[in-house]
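Same chain, two partners: subunit A is paired with subunit B first, then with subunit C.
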Partner chain A sequence: MMRRRLFGVARHAGLLVWMAITLAPIYWMVMTSFKHSGEWVTWPPRWVPHEPTLINYVKVLTPGTSTFELGRQTLKILKPLWDSLFIATTASLVAVALGSALAYSWTRFGTGGRRYPYNILSIRMVPPIVIAVPFVVYYVTLRLLDTYTGLILVYLATSLPYVIWMMLAFIEEVPVELEHAARVMGASRFRVLGRIVLPLTAAGLVVTFLFVFILNWSELLLAMTLTNTEVSTIPITLNKFQSANEGRDYGPQAAIGTIATLPVVVLGFLIQKHLVRGFSFGLLRK
Partner chain B sequence: MAAVRLEGLTKLFASTRAVDAIDLAVPDGEFVVLVGPSGCGKTTTLNMIAGLETPTAGDIWIGEARVTDWEPRDRNLGMVFQSLALFPHLSVFDNIAFPLRIKKVPEADVAARVQAVAETTRIAPLLRKRPATLSGGEAQRVALARTIVVKPAVFLMDEPLSSLDAKLRVEMRTELKRLHAQLSATFIYVTHDQAEAMTMADRIVVMHQGRIHQMGPPLQIYADPANRFVAGFFGVPAMNFLDGEVVAEGSDLRFSAAGLRPKLPAPRTATRGPTTLGVRPEHVRLGDGADASPATVSLIEPLGDETLVFLDYGAPVSLVAKVDAEDKVAVGDRRPFTLRPDRLIFFDSAGGRLR
Partner chain C sequence: MGGSERPPYPPGARRAPGDPGRSSIDAQATCRTNPGRSWIDGVLARLERERVFKWLPFVPVQGLFALLLLPNALLLVYLSFLSWRITRGAWWNAPFTGLDSFLGALGDERFLWAVGRTFGFAAVAVPLELLLGFGLALLCREPFRGRRIYTTVFLLPMMIVPAVVGYDLSMLLIDQGPFNQVLSVLAGRPITVRWLSDYTAAKLAVIGADVWQWTALTFLVFVSGLAGLPRDPIRAARVMGANRWQIFWHVELPLLKPVIAIAVVLRSMEALKIFDYPMLLTQGGPGNSTETIAVYLWRMGWEFARVSDAAAMSLILLVVVSVYIFIAIRVLRRERRRLAEEAAP
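Up next, the complex of A and B:
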């Protein structure tokens, strides 16, 4: 009894320490985003802003083009924000739709042969830098460079293996007898998908979507290689601070960072129920 | 209501013949049980009748229609699965309503019919629950209710009782039999449990290695098995098999194995030479007689009403006798025994029945 309690205390203490380690940089980023420039790099560090301000957010979120001010660069992010949202959402949605259809047909009908998922997985074994340059060559010819379609297509290709592998696991958890039962009871194949498979894999679909969305939302290398001026994502924008000639503009940078993490956090909270829900297919004894 | 007919039904998986040219006619309203060890092709046969597997060859008829290539949903069947296959994301009510809603029955009728079937299957208080919260017996009833609610012409059941504990299984057997009488529908029931087959079937179909070995009423299968496989499959404990040979002794024929030389009753001509004799434990009698063979009791297993006595008569395998519990037998006793002459059956070395 005593030992169990001690163990519980120790475990919680450990988790708290770990949480502090992971959250510290995020805390610092969020706080910096509300600080005036004078407080960005003071010593001793200011843990909370002396006079909280929204100026950094105003700077980055006002419409218009990027500016220099006192040698410091401030970037506008309304356009990149929209581009990122649009590209990551579209690519992730299409990837989840196509990938789960593929996973389903492979689990149930063996489409593509026994080794198919492994072949798909081999796409992920190639480092992105290897495909980045050939993609530029293709994209120049196909006129896809610096376009939404171009970036969506490449994200779709890189997300698909993840979607297929994650959805394989979720679909295999749906006993095929449930589908058989529904079909004998009069359901067509599409009905079976809609009424049985979809509800039972909903949590998996959501988790998979979130996973690839985060990947696509934060992808930098391919985005940098395949875009120029027309299309620009948040990671590219953040990266541009590195090239400022003098005086790093930490406040606006922190503001952009905070904004960039927001969609992920919000999505995470929205689907929390699905993330923690266990898969208990109650009555199916094997 | 409909009869079911299988003609030369065959299913190949890669190069294995799971089901090998089966012919079977199930008349309307019959309770037929397909029984056999696992891997004998019984479930594959059932799945082909349901339309969940496509036959490699042969035809399936339900009623007047050749349904071989019909979709499962067009066959007007009800099926209960081994896992019961209750939809975990739907309440008991929605589970039972599922087939009705698929068939676009008006919602008012759905409620009435679900309620009615829930009352006959005694699950009315459970309608709001989720399948995961039900006990084994309750889940079983829900699965039945969901099948009954659409009044199918043919019921297919794939080992539906295998997940229940022993006592409940015996109760459900009775309930299923009663249900069959009420519905007067055709039942095709698959099991590996010979006791289930014996107790419920109008007619048993014994399958082994993709083929039908024998069909007939339970008692006929038990008393008059077509071959050694069928003889050994039915009955607990299993039939005794004694390897020996039939020899002539004067004008009599005798079976000779180890210390055993029982006289054979009827004139048997064609059965001389190496033979296997089969005798059920209840046809082995302890006691002296003209034809008795000496033996020592090596083990006893009391069952309550009866006792199993293992007799050592000189052969490597002991002979099992089922005797009345009143008969006091102890290990080490020397007890001669006789075999009931009219209940002996013989098999050739390939396991075929010698008549």
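Up next, the complex of A and C:
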């Protein structure tokens, strides 16, 4: 009995330590976003802003374009925010639609051969920097550099392998007998997809969408490579901020970070229950 | 590797000539759709045929990969044989210099260091993430009060944009920052590690960023793995008098092998791409001490504009990485095959 209780206490102690490690950086960023410039860097550091303010949010969220002048810059993020949202959503939606259809076709008909998903996955394992250099030259030729289409196509290609692998696990769980029965009763293949497969894999589709959305929402390297002035995403904006300013503007940057984090975290909370199953990559026992 | 993997779906579902059940289903479905009604029905009926239906998603996907990958791969090889910089006119006019860029790359110490450093970072970060994630998942295994809160919080980091993580840590790790403050309080004496300007400390900072963020993923994978463990073998072992440790070591761990395989493959494949943390946290510095291969190649192409050299280095990197990819894919295939065999009675 004593040992059991001791174990319980030790467990909480261990978990609490990691919880503190996890939460502290997030807490610090959110707090900094509410601080006046005088409180950004102090000794001892202030964990709670003495005079909370919304000025940082106002600064970055006012409409207009970012200006860079003389080592000082004012960044506006409405445009990058919209760009990020549009690009990530479109790419993820199309990727989920195509990828899950492909995963279905592979599980049911073995289309493309046994090794198809592995081949696709091995493409994804190649570091993107390898392809980044010729990509610019190629995109300039196609006039896709610095366009929404260009970035969406790339993100589509990078998310597809994940979609296929995550959806395999969900589709394999759909009982094929059900599909056969529906077919015998005269349902078309599309009807079977819409009425049986879709509802049974709905949770999987949502989780997969969220996961690739996070990936596309956060991608930095390819976005930096393939955009210039017309299109700009949130991670690029943060990076510009970081490398261009001599004296750091911690507050506005923290505000951007908080804004970039919030939507994803909220979405994540909503689907947390299903998250666990989405990561089995078809390698879990049922 | 042409092993005998089970067909992904039971025999009935595959195209087998003269499979009675299947063809009768097909026939029936085609009869139902009345072809004469409108052209949409006609198209649908055509798309319905298994021969066409199963290729529908493959056409756009393969088209996309062909459009994006093939020309780029060719361009990459071609550029690497030239001597071209962005500043020197059009690439098709650049002089052909054969293997010069490759020889230059192999003689470039900074490149070799960047490759070594990237693998080094992965070699430290990935095992740490695996151990931490596994430990935390074990602690969260049985239900207890507060378990949901812990799980929710532990999953948070993987939902944050890596660039934001890099930025956030760059704020925490300044010389007179909150991290040093916390360390001082814990140690009971003033600690002033220069996290972003000391060669070793900066490396630790980059590794720390990766561990902080991606332990969430290994935790998630292991939690789902532990939840999916079959109860019977464990119960059987307990009945036969095995103690907790023996059960863990001889029953549970072998059962968890596929899950461990995914976690290792997933994480190490991402760890080799580290770019965002050094970029935002240290800009590769101090000196080149946190310059990973992605950061160096990025600079090569965009800051120094030495495109051909960057292309040659990319190809060398590709060769190195493909060895690793080959092994990773083998592992995944083997684990999946084994599971399929187990599932089939």
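Throughout what follows, the second predicted complex is superposed on the first by the 248 of 286 C-alpha atoms of A that agree within 3 Å, B and C clash if a C-alpha of one lies under 4 Å from a C-alpha of the other, contacts with A are read in each partner's own complex, and residues count from 1 in each chain.
Throughout what follows, a residue touches a chain if its C-beta (ideal position, glycine included) is under 8 Å from a C-beta of that chain, and two chains touch if they have at least 3 such contacts.
Every value quoted in this text rests on a predicted model; they were computed, and no experiment measured them.
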For A:96, using the defined touch cut-off, is the partner it touches subunit B, subunit C, both, or neither? Pick first, second, both or neither.
neither
Counting residues of subunit A in contact, which comes out ahead: subunit B or subunit C?
C
Quick check on the superposed pair: does A:145 touch subunit B, subunit C, both, or neither? Answer first, second, both or neither.
neither
Classify the contacts of A:221 with the two partner chains as first (subunit B alone), second (subunit C alone), both, or neither.
second
Tell me which partner A:200 touches in the superposition: subunit B (first), subunit C (second), both or neither.
first
Touching A:268, do we find subunit B (first), subunit C (second), both, or neither?
second
Contact-wise, after the overlay, does A:181 reach subunit B, subunit C, both or neither (first, second, both, neither)?
first
Jot down the residues of subunit A that show up as touching in both complexes, subunit B in one and subunit C in the other.
180, 183-184, 186-188, 280-286
Subunit C - residues contacting subunit A, complex
5, 7-10, 13-15, 21, 25, 28-29, 32-33, 44, 47-48, 50, 53-58, 60-61, 64-65, 67-69, 71-73, 75-76, 79, 91, 132, 135-136, 139-140, 144, 146, 150-172, 174, 176-178, 181-182, 212, 216-217, 220-221, 223-225, 227-230, 255, 258-259, 261-262, 266, 269, 272-273, 275-276, 279-280, 283, 293-294, 297-298, 301-302, 307, 310-311, 314-315, 317-318, 321-322, 324-326, 328-329, 332-333, 335-336, 339, 342-343
Sites on subunit A touched by subunit B in the complex:
175, 177-178, 180-188, 191, 195-196, 199-200, 280-286
Of all residues in subunit A, which touch subunit C in the complex?
8, 11-12, 14-15, 18-19, 21-26, 28-29, 32, 41, 43-45, 47, 98-99, 101-102, 104-112, 114-115, 118, 121-138, 153-154, 156-157, 160, 172, 176, 180, 183-184, 186-190, 214, 217-218, 220-221, 224-225, 234-235, 238-239, 242-243, 250, 253-254, 256-257, 260-261, 264-265, 268-269, 272, 275-277, 279-286
Subunit B contacts subunit A in the complex at 47, 50-52, 71-73, 75, 77-79, 81-89, 98-99, 102-103, 130-134, 139, 146, 150, 156, 163
